[in-house]
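First subunit A sits with subunit B, and in the next complex the same chain sits with subunit C.
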Partner chain A sequence: MSKQVTVAVKRQDTQTSGSRWETFSIPYEPGLNVTTILQRIAANPVTVEGESSTPVAFDACCLEEVCGACTMRVNGRVRQACTALVDNLLAEQPDRITLEPMTKFPVVRDLHVDRSAMFESLKRVHAWITADGYFDRGAAPRMSQDAQEDAYPLTTCMTCGCCVESCPQFNDGSSFIGPAAISQAVLFNEHPVGKFDANARMEVLAGDGGIADCGNAQNCLKVCPKNIPLTQSLAKAGRAATKYVISRFLQK
Partner chain B sequence: MAQQAAKTDSFAVRHHFLIRRLHSLCGLVPIGVFLCIHLTVNASINAGAAEFETQVGYIHALGWLLKPVEIMFIFLPLLFHGVLGLQIWFSGQPNVSTYKYGGNFRYMFQRVTGGIAFVFILYHLWHMHWLGAPFGGGKFIAHGEGMTESAATAMQDVVFGVPASVLYGIGVLSAVYHLANGIWTSLITWGITIGPLAQRRAGYACSAFGVMLAVVGLSGVRGFKTFEPEADSHMVGVDTDVPPPFVKTVSDPGGS
Partner chain C sequence: MANEKDRVVVIGGGLAGLAAAMRLAEAEIEVDLISMVPVKRSHSVCAQGGINSVNPATRELGDSEWLHLDDTVYGGDFLQHQPPVKEMCDWGPRIIDLMDRLGVSFNRTPEGFRDQRRFGGTMYKRTAFAGATTGQQLIYALDEQCRRWESEGLIRKFEYWEFLGPILDDNGICRGAVAQDMFSMEVRSFPAKALILAHGGCGLIFGRSTMSMICTGGAAGRAYKAGVKYANGEFFQVHPTAIPGTDKLRLMSESARGEGGRVWVPRKPQDERDPRSIPESERYYFLEERYPKYGNLVPRDIATREIFDICVNDKLSIDPERLCVYLDLTHLPSETHRKLEGILEIYEKFQATDPRVTPMKIFPGVHYSMGGLWCDFEKDEKTGGLALGSPRNHQSNVEGLFVIGEADYQYHGGNRLGANSLLSCIFTGMIVAPSVQNYMSSTNGGATDPPSTLFEREAARHQADCDALIARDGNENPYTLHQELGDSMTRNVTVVRDNAAIKETLVKIDEIEKRYANAALTDKGSWTNQNLSFTRALGDMILLARVIAEGALKRDECRGAHYKPAFQIKPPDAEDPAEMRRQAAEWCEAFAKQIKRWLKTTIAENTPDGPSFSYEAVDTSLIPPRPRTYGLKGAEIIDEVWKQRMAGEQAGAPTEPVASV
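Now for the complex of A and B:
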């Protein structure tokens, strides 16, 4: 008999129903990743007990760790399913692979979660550049090479949710907007045109749920699949908020 | 568009940032500074009763001002820092079992040591401070009525056996960790250490500070544990040193 891979999946039928575990056995193939495992289960959704089940619902899009859609907890740790290679997972934990939805977002079904909270946070911090207005702002000032190199890593954020999933400060009981949104606020505040809206962003960063709620556990930096220097962004936001609140107080 | 804090929000929500920064500041000054002074003064028992009493005397030289200073600069900041700290602790969801990173453990220890220090300080106030006297505690008397008591003799009455020493050791180490790590995180919070290298260097400095303060703090606990008034020349009245003018000691029964 060929080598089999045991996969335990935490399943949930609706947003409000309870969860249950189902275990599947998949024939091993070299180069297998977790997205492929889920496709194999979909092709033959029969549990190890021989019971007929349904394909596991999950989100996926780019399949190359650029979109963030397939973010889930693999062996308990948050990451993208597409770059979770079975060979590496079995080397860590040979007996089985566990797949669970993220815990910080509402589950839509099985491994598919609703990450709207991430986008609401981006909207709160005004994470864009206001290019269109009532008048022409003219050509933007040029960014130095150094400034471009500082900004580039921050632009690679795909709002996947790894940072907030691993963040002990981001939860139902806290209004913290999380590292991703703060890092985007820092990115746009350092942009020559984005700067025009800096005060609006600072009001959020220096408000309830802003930078003051960071607990410096620094898990975000460790789990970020894009290696974004999130703790650097958080510290920059801390410095900017200190300056902003003092100058707001003195200029009133 | 960014949401401005609305007038309808509670005071805590509207001033969330300032309250958190005040919490951070309180932990450094006055509480952190006080902890350094307190542990250093206590460690002076290792240099003998006379030295310890001199140091205690400097504090009590404030006279009637001592109580208002104590309340304003120690008790109120401690209460604010402690109560808000507990609220911050319970607003987080530690996850070290899943994410076993050094920083994550540091985060959890900061909360746990803060909690231990908070409970320990309550016990310590009952045990030593005049606040605890009505409840059967309040053992420490800097210089008692009739000059039959002094800072060092008072320490004789304090049961400083093995259980108390262990308790004080845990309390001191918790407070020291909480301060050392608190300095490290406050450097990030206030926006002083930005990059990873700067934060790592600050980590070395704060660790060194923490180790030194822990040695000072534990030496004080050890000093009181092993203190033998009978063996201390100052305590049996054969000390020839001139006592500090504001400290009335057993060896100076007439008062000067």
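Now for the complex of A and C:
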């Protein structure tokens, strides 16, 4: 028999049901990644015990690590399934690959979670430019190459959820909005036009669930697939919040 | 609460759908935005290179909107109607300015202006870019604007909802859409005064492509089934260099060859040796040998055709299972590797091999659908562009149903220029909004309310279809069928087309369609059933595969991406100048006949017996078609003969811009 890859998948049928593990065996092929494994299971959902199952529900879209959809826990570590290559995974853990849903979001089914809380946080921090309208008004103010180079990494955040998944402060018992949203607030507060709304964002960053909840564990930086300098954003947000609170106090 | 029926439903939240939703919201029109994924994850994120527009730096060198129009229609082999393209090129600078204002972090010059790079098909640096992720940056800016309108209550998002079909009343007027919640599987109607389809391309018909998993053609197939015409389906862009993956094809930028990368295969078929140990004499640098002048930098369509030919016809693919050739950068100095860092990292991340040390394995990948759902336009006779705000712009043959973005067929003709797609997507979203607004306020814009039973009836009909698919018994596997469909389509209906081979694929499509009737679901559940969604989309893929393949079979010519060697005009080969001139005249005669016969839009309409085809004239009122003679022997003489020929005819159209700039 040709080389097989053993894959254990944590499954959960509905939002409220309990979970169970199912194990599948997939023929190895060069270049195999986790999204392909899940496609192979979908085509033939039979467990190693020979029992018929169902395709594993998972979220995926671009498969190029630029949309953020296929984030899950692979071998216990949060990352995108598309760039999780089987050869590397077997080097980490030779006997089997384990796939689990992220733990900080409600499970919809199997590996598919509901990350709408992250998009809600983007609303809370006012992560947009308040444009007067979409008519022709010429270009934005000029920007230095340095400023663009500082902003660019922050703009690549794909709201994948790796940072909040790894953050000890982001949990059921806290209202912390998490590193991704804070980093977006920093991005817009430093934009030549975005900064006009800085106070609205600072109200959120200085308030409940804001930057004060960051415990400085720095896990977010380690797991970010885009190497966004999240801890730098958090530090900037912290300093800005302190200044904001003091000036708000003095203006009273 | 406003009347539910006064809303607009937008299907798809990529660049086009978001631009439309944002502009409608600005006009205080309420929008229901329906998308299979959170809109921020739409396929537009995959665009890397940039977005084209004339800019102050190119203008300084003589560039103009007119030249952008000329490059676009010349690149598209004159198959697109020119007034919409002219309007798009005119809007280019405004659109880039707007995206800049919305916060896109475009790369900058030392003086702080936006920087531009050069792309294929033009002599000017028109392409603004944001790192290597321009599409992602642009869609994020629009996503942010739509989130702002969402928080103000003008946009309601329905993410993880799948479009099942338009709702047409008894008079054939579109009154909304039916969609399904991809979690709860609830099917419901979304009443609307107008429906805008912005669902993107349909690359998954070819199995693996550079497109995202949601680009199935499901929405296009459902609109087509409901009576929307499908135009130029056979025109599909195939990018020469993609990284073949087990799940998809990922793009490898042309800059790899621009910096000195060489394409080759071992002369011995499927040579199993490590490529690095294969001596030079046993390597076949086929682009360099076949095109000594241009080498590895032949134009995109030629590179694509040659790589395909070497694997399929010469059977020299490196890998017997998976078609591919080497793209070799290993001989380049480390400073060149550094320049290409971004794209080398992508390769390394997905292939787990270092392309600095081991040659990359690449193969052309299906990339973009130039064709799409048919839609109308109204020309402004004064400007030569569009009559802005006309309800005809982007409205399909179904009243009240509009189509924009990659889903429509209008802007790229026979072949799309790089960095024009982001522009066309945002542009169509921007201009469809006033057209929809005017349609809604016009007397026939659904002035009388349809009976509410219409909405219940349509939802029930789609629910019954779902139930039937879930209940279906059979022993066919939808995933296997998809793979067989994609393999046959890729083999016979992509790069090099031959009528006998296309007929083979049509027979295969017949077979797959029959077997599809026995495709059963392994998941019969009613919660987050992705098996249902995929199997349903497969039905649409089969439907559109036939439109694409039959359209290709019928079109007996070469035009843009549609290359059918048996019908290529024989290029001149004479050495004697007089004979060369005679052959050039003959060539031009054949070319004139080809224009007369084939410079037409292919229109497919769905009937119970399969697609019915007709052909529609193309509006070339601004720039008369001319031969694309790139790489042809005697190109200058052909150009000269053609110009004389044209001068001899009474040209009814202006060849220069009309007045003001």
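Keep this in mind: the second predicted complex is superposed on the first by the 244 of 252 C-alpha atoms of A that agree within 3 Å, B and C clash if a C-alpha of one lies under 4 Å from a C-alpha of the other, contacts with A are read in each partner's own complex, and residues count from 1 in each chain.
Here is the rule we use: a contact is a pair of C-beta atoms (placed from the backbone, for glycine too) under 8 Å apart; a residue touches a chain by one contact, two chains touch by 3 or more.
It should be emphasised that the depicted structure is a prediction, and the values quoted were computed from it without experimental measurement.
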{"item": "Simultaneous placement of subunit C and subunit B on subunit A, clash or fit", "value": "fit"}
{"item": "Partner chain(s) touched by A:M143 [first = subunit B, second = subunit C, both, neither]", "value": "second"}
{"item": "For subunit A as apex, the angle formed with subunit B and subunit C - C-alpha centres, to the nearest 10 degrees", "value": "160"}
{"item": "First, second, both or neither for A:Q80, with subunit B first and subunit C second", "value": "neither"}
{"item": "First (subunit B), second (subunit C), both or neither touched by A:T155", "value": "second"}
{"item": "Partner chain in contact with A:T71 - subunit B first, subunit C second, else both or neither", "value": "neither"}
{"item": "Touching partner for A:P55 - first (subunit B), second (subunit C), both, neither", "value": "second"}
{"item": "Contacts of A:V204 with subunit B and subunit C, given as first, second, both or neither", "value": "first"}
{"item": "Greater residue coverage of subunit A in the superposed arrangement, subunit B or subunit C", "value": "C"}
{"item": "Distance of closest approach, subunit C and subunit B, by C-alpha atoms in Å", "value": "7"}
{"item": "Subunit A positions touched by subunit B in one structure and by subunit C in the second", "value": "none"}
{"item": "Of all residues in subunit A, those that touch subunit C in their complex", "value": "13-14, 29, 31-33, 35-36, 39, 42-45, 52-55, 57-69, 82-83, 85, 87-88, 108-110, 112, 115-116, 119, 122-123, 127-131, 133-134, 136-140, 142-145, 147-148, 151-152, 155-156, 158-159, 188, 191, 193-194"}
{"item": "Touching residues (chain side subunit C, partner subunit A) in the complex", "value": "22-23, 26, 37-38, 40-43, 45-46, 94, 96-98, 100-114, 130-131, 133, 136-137, 140-141, 144-145, 147-148, 150-151, 159, 183, 212-214, 245-248, 250, 346, 349-352, 430, 477, 479-480, 522-523, 525, 527-528, 530-531, 534"}
{"item": "Subunit A-facing residues of subunit B, complex", "value": "1-5, 9, 13-14, 16-18, 20-21, 88, 90-95, 98-99, 101, 103-104, 106-108, 185, 188-196, 199"}
{"item": "Subunit A residues touching subunit B - in the complex, by the definition given at the top", "value": "76-77, 124-126, 166, 168-169, 171, 173-174, 197, 200-201, 203-204, 206-219, 221-223, 229, 231-232, 234-243, 245"}
